[in-house]
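Letters A, B, C and D mark the chains in the order given here, with residues in each chain numbered from 1 onward.
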Amino acid sequence: MNITIWNENRHENKNPEVAKVYPKGIHGALAEFLEEEANVVRTATLDEPEHGLTEEVLNDTDVLLWWGHIAHDEVEDAIVTRIQDRVLDGMGLIVLHSGHLSKIFRTLMGTGCDLKWREADERERLWVVEPGHPITEGIGEYIEMPKEEMYGEHFDIPAPDELVFISWFEGGEVFRSGATFTRGRGKVFYFRPGHETYPTYYNKDIQTVIKNAVRWSAPKNTPVPVYGNARPLEAISSKDTEGKN
Amino acid sequence: MNITIWNENRHENKNPEVAKVYPKGIHGALAEFLEEEANVVRTATLDEPEHGLTEEVLNDTDVLLWWGHIAHDEVEDAIVTRIQDRVLDGMGLIVLHSGHLSKIFRTLMGTGCDLKWREADERERLWVVEPGHPITEGIGEYIEMPKEEMYGEHFDIPAPDELVFISWFEGGEVFRSGATFTRGRGKVFYFRPGHETYPTYYNKDIQTVIKNAVRWSAPKNTPVPVYGNARPLEAISSKDTEGKN
Amino acid sequence: MNITIWNENRHENKNPEVAKVYPKGIHGALAEFLEEEANVVRTATLDEPEHGLTEEVLNDTDVLLWWGHIAHDEVEDAIVTRIQDRVLDGMGLIVLHSGHLSKIFRTLMGTGCDLKWREADERERLWVVEPGHPITEGIGEYIEMPKEEMYGEHFDIPAPDELVFISWFEGGEVFRSGATFTRGRGKVFYFRPGHETYPTYYNKDIQTVIKNAVRWSAPKNTPVPVYGNARPLEAISSKDTEGKN
Amino acid sequence: MNITIWNENRHENKNPEVAKVYPKGIHGALAEFLEEEANVVRTATLDEPEHGLTEEVLNDTDVLLWWGHIAHDEVEDAIVTRIQDRVLDGMGLIVLHSGHLSKIFRTLMGTGCDLKWREADERERLWVVEPGHPITEGIGEYIEMPKEEMYGEHFDIPAPDELVFISWFEGGEVFRSGATFTRGRGKVFYFRPGHETYPTYYNKDIQTVIKNAVRWSAPKNTPVPVYGNARPLEAISSKDTEGKN
C-alpha cells in the first residue's frame, strides 16, 4: 500500500520543545511505525512545491494522513480541490488532531469543524464505543493518555457514519475523538490525539489505531459510478399511455 | 415562520414552455401554497442585488428553499458562504431538484453531488421508506408523478442522516429522492422532483411534502455552542500526580 | 396528547430513602411536570392487572414513558409484545435510566443493552452533541447533575439514529446518554439520568428534555405501510422478452 | 475462516422444481463457491439435531449464512438466542432473501421485518448506492437479475448502518436490498436476492457480493467490553465538595 503522510512541519522548526519530542518531525514519527507494515511510505510538507502533493503523488497514494495546525490558510485552494477529488475517487484520508480545522477536512465535512480546546497537561481517556470496528483491532476498552490537549464538544461536524471513540477529559469535557465518514468512494477517519508537545504518536495503542485506520481506509476495486445523461435500460411507455396517468 | 424562496428564474424568462407551466415563476408557485399556512413568504432571485439574499434577509429567514439549474456558477461565493453560515446557525434549507449541483448544496455536502439524468417524459414513483418521519405526514405509501425527469444512482452525496423517499423510474433506475442532513444547528432536506417543464409543484402530495419539510427544518431555541479556549470545569490534577501515569 | 407513564414502583414501596425523594413515586413526579403542558397523563405500574397496560390503554396512548429496574423479569412477555406492536405502529416510547435492561428496550434494540455502572454519588455532565435537535430546545450546552449513578461505555445498543447527549462522569467514564431510534413508525428516546435515590426528575433541565422528547416522539398521521402480496403497478414484460435477458 | 451455511432445506425436498435448480440444496450451491476461497465451509439444516447449530458448531463459526422461508417458526427459541449471543460476541451473520422473516433476523432488528412481495418472473436491478463499500468490490454499477421474486418497500427494518444496494423492480417497486447492521461486536448483512425457483446463487455477481460480505463480516480481535459494576478510574470528590453543587 502507498501511504503519503502530510505534515505542516512548522512547529518542529520553530519550537525547540516540539523538535525535542519529534526530532524527525511528526511526519517522521508517523512514517516510522507505518513502515513496519511493509507499506511504501512517503512524506510531504507544506513548504515543498505544491505542498508535496502533486497530481503524480496523489494519484500514487492509497491513503493520505494529514497533520496541520498553525498554517491551514497557507494550503492552496487548488491543492485542496485536488485532494478532495482523490478522496471522492477512493483515496483514504486520515485527519489527525488539529487537522480538524484544515481546509480539506472542512471542505469534506461541509461544516465549521470548530470545538473547545485547552492546553493543561490533562488526562484523556479514549473509550471504544463500537467494539466490533476494525479500527479497534488489538486495543483494549480504552486508551489512556497521561497528558494531552483537551478538545471538547460541541464538535461541529456532521453526525459521523460510525462513532468509534469518545474521549473523557479530566477537566470535565467529552469529545467524539474517533469518527468515520464516507465521501464519494473514499473513506475518511478523524482521530483526535496528537498535540505537538506530547509524545502521543509513540504510544503503541495510538499507533495501532492509525495502522488499523490505514488498512480500513485503503481503496478497493469497487464500482466507478458513471454520471450524466443516461439512456434508459427499460422501454419507456408513458408517451403512449398518457391516458393512464 | 419566515420563509424565503430562492429561484434562479432563468428558464421562466427564456423558455416559453416553462413560462406557460409556471407563469409566476417556480418561486411564485412555491410561494402560493406555502402562504396557505400563515407563513410570511418572501422570494428572491439570481438577478437581484446580492441575489436577493442580503444579510438582513437571511437573518430574518427561518427556512430557505432553493431552486437553481443552469446558472449555479453565477451565484457568488460570498453569498454561498453567507447562506452556509446561516444554516450552521440553525436556518432550515430545502434544496429542490436540480439544486443538487448548486454551490450551497455541494458546499454543505462536501461531495460532488452528481447523478445520472434523462429527460424522457417518464413515470416516477417516490416510495416512502421512513413511514414515521414527519415529512411524510398526510401522504400515502408513494407519490406517483406521471412525467418527470429521471435522476439515477449513484447520487454522490454523503449517506443521509435519514432516507425518507426512494424513487422508481420507468427507464430502470432508482434514486434517493428525499434525504435529510444536519449541518451545525441547521436541518437540510433534499427533495428530488421538480423539473421545470412539468407541473410538479402543483401536485398536492408534493406540496404536502414541502410544507412538512418547512415545518421540520424550522429552527428552534436549541443550545448555541461556544467554541475556542475553554476553562476547565473540574480540577486538573495530573501535574501533581504525574507518577500515577 | 395522551401520555402513559409506566413505573415499576417497587423501590418506592420498599426503600424509605426512595419514598422520601419520590413520595408520589417516580411516576408521580414525572406526571406532575408533564401535566403542566395540557397533556392527558395516565400512570401505570407493574403490580396492576396487565401491568396497567391493557390493549385499551395502549391504543389510547401517544407516548409511553418507561422506568423499571429490579423487576424487569416480572413484566409479561405478552405485554412486551403488545407494547412493541404499538411502537411499530407509531406510539412514542421514552425509556428512562435503568429501563435500559427492560424487556421492551432490549426487544426493540436487538442487543443486550448492558453497560458499566457505579453508585458513588458522583458528578455527571450531559453534553449536547446535536445542538439543533428539538430534544435540546431550551437547555444550555450541558446539563450538570451534582450526584448521579454512573453508567459507562460500552453501552451495548445499536448505533443510535441520532446521538443527542454524551455524559462525562467524575470517575473517568463516558456514556451515550441521550439517543434516538426509529422502529417501524415509532420513535424511541433513551435518556440516561434518573437513579431512584437522587431527585433527578425535579431538575428543570431534565424535565425540559423529557417534555421535548414527548413532543418529538408523538405519532403523526404518516403513511401506514401495506405488507404482503402486492399486485404490480406496472406491466411486467419479462415473460415475453425472455430472449433479452 | 470458518463458515457455516444454514439452510431450512424444505423446498428442495418437497418441490421438484426447486430440487432441479438446486440439486445439492441452496446450502450446497452456496458452499460450492465459498469453498473456492480456502474457507472451511460447513452446512447445517433445520431437521438436524439442534438444527445443526450446537454450541460447538457456533463457537467454531466466524460467519453464519442463513436461508429460510416456510418453517421459520420451527426454529427453536433457544437456538435463536444462542445465535444472537454469538453475533453480539462478534460472529458475522449474512441473512439471505426470505430470511428477512427468520426469528434470528427479527430478533436482531427489533422490528417486524415485513415487506411487499410478488412472484411474477420479473426483472430486478440492484443499484450500488455506496460505491466505496468493500461489499461491492469487483462488481459494476448494478447487478441485473432477469427473473426474481419482487420484494417492495416499506421494508420494516431499522435504518441500516449502511445502505449498499437499492433494487428496482419491473412491476414498479423499489427495495433496500443490501443493508448492513452492527449488533454488539457482530456485523450483519442482509442481501435480498435468492428466490428458491431461480438460479440466483449461480450468478457470478451475486456470488461476489456474498464472498465480499463474508470477508467484511468476519470477526476481528477487537475489544471485549466488560459490563457490570465498575470501580472508578479517577478520584471522586463530590462527597467532599458538596457545597460546590
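By definition in this document, contacts are C-beta pairs under 8 Å (C-beta built on N, C-alpha and C of every residue); 3 or more make two chains touch, one makes a residue touch a chain.
What you see is a predicted model; the values in this text were computed from it and never measured.
Visitor: Just going by residue numbers, which of C-D, A-D or A-C has an interface where over half the contact pairs are the same as at B-C?
Guide: It is A-D that reproduces the contact pattern of B-C.
Visitor: Does A-B or B-D have more contacting C-beta pairs?
Guide: Of A-B and B-D, it is A-B that has more C-beta pairs in contact.
Visitor: Same residues or different residues: which describes how chain A and chain D meet, taking over half shared numbers as same?
Guide: same
Visitor: Counting only C-alpha atoms to place each centre, which chain is farthest from chain B?
Guide: Here the answer is chain D, farthest from chain B.
Visitor: If you average the Cα atoms of chain A and of chain B to get two centres, how far apart are those centres in Å?
Guide: The computed centroid separation for chain A versus chain B comes out at 28 Å.
Visitor: From the mean C-alpha coordinate of chain A to that of chain D, what's the distance rounded to whole Å?
Guide: Between these chains, centre-to-centre, one finds 31 Å.
Visitor: How big is the gap, in whole Å, between where the Cα atoms of chain B centre and where those of chain D centre?
Guide: Distance between chain centres: 35 Å.
Visitor: Touching at least two other chains at once: which residues of chain C meet that condition?
Guide: Correct list: 123, 125, 128, 130-131, 141, 152-154, 159, 161-162, 170, 172-173, 182, 184, 223, 225-226, 233-234, 237.
Visitor: Under the stated contact criterion, what part of chain D meets chain B in this complex?
Guide: 125, 127-131, 141, 152-155, 159, 162-163, 166-169, 172-174, 176, 235, 237
Visitor: Can you list the chain A residues touching chain B in their complex?
Guide: Touching chain B from chain A are residues 84, 88, 107-112, 114-118, 120-123, 144, 146-147, 150, 152-154, 156, 158-159, 161, 170-173, 181-184, 223, 225-234, 236-239, 242, 244-245.
Visitor: Under the touch definition given earlier, write down the residues of chain A that touch chain D in their complex.
Guide: That would be residues 90, 123, 125, 128, 130-134, 136-141, 161-162, 170, 182, 184-187, 219-226, 233-234 of chain A.
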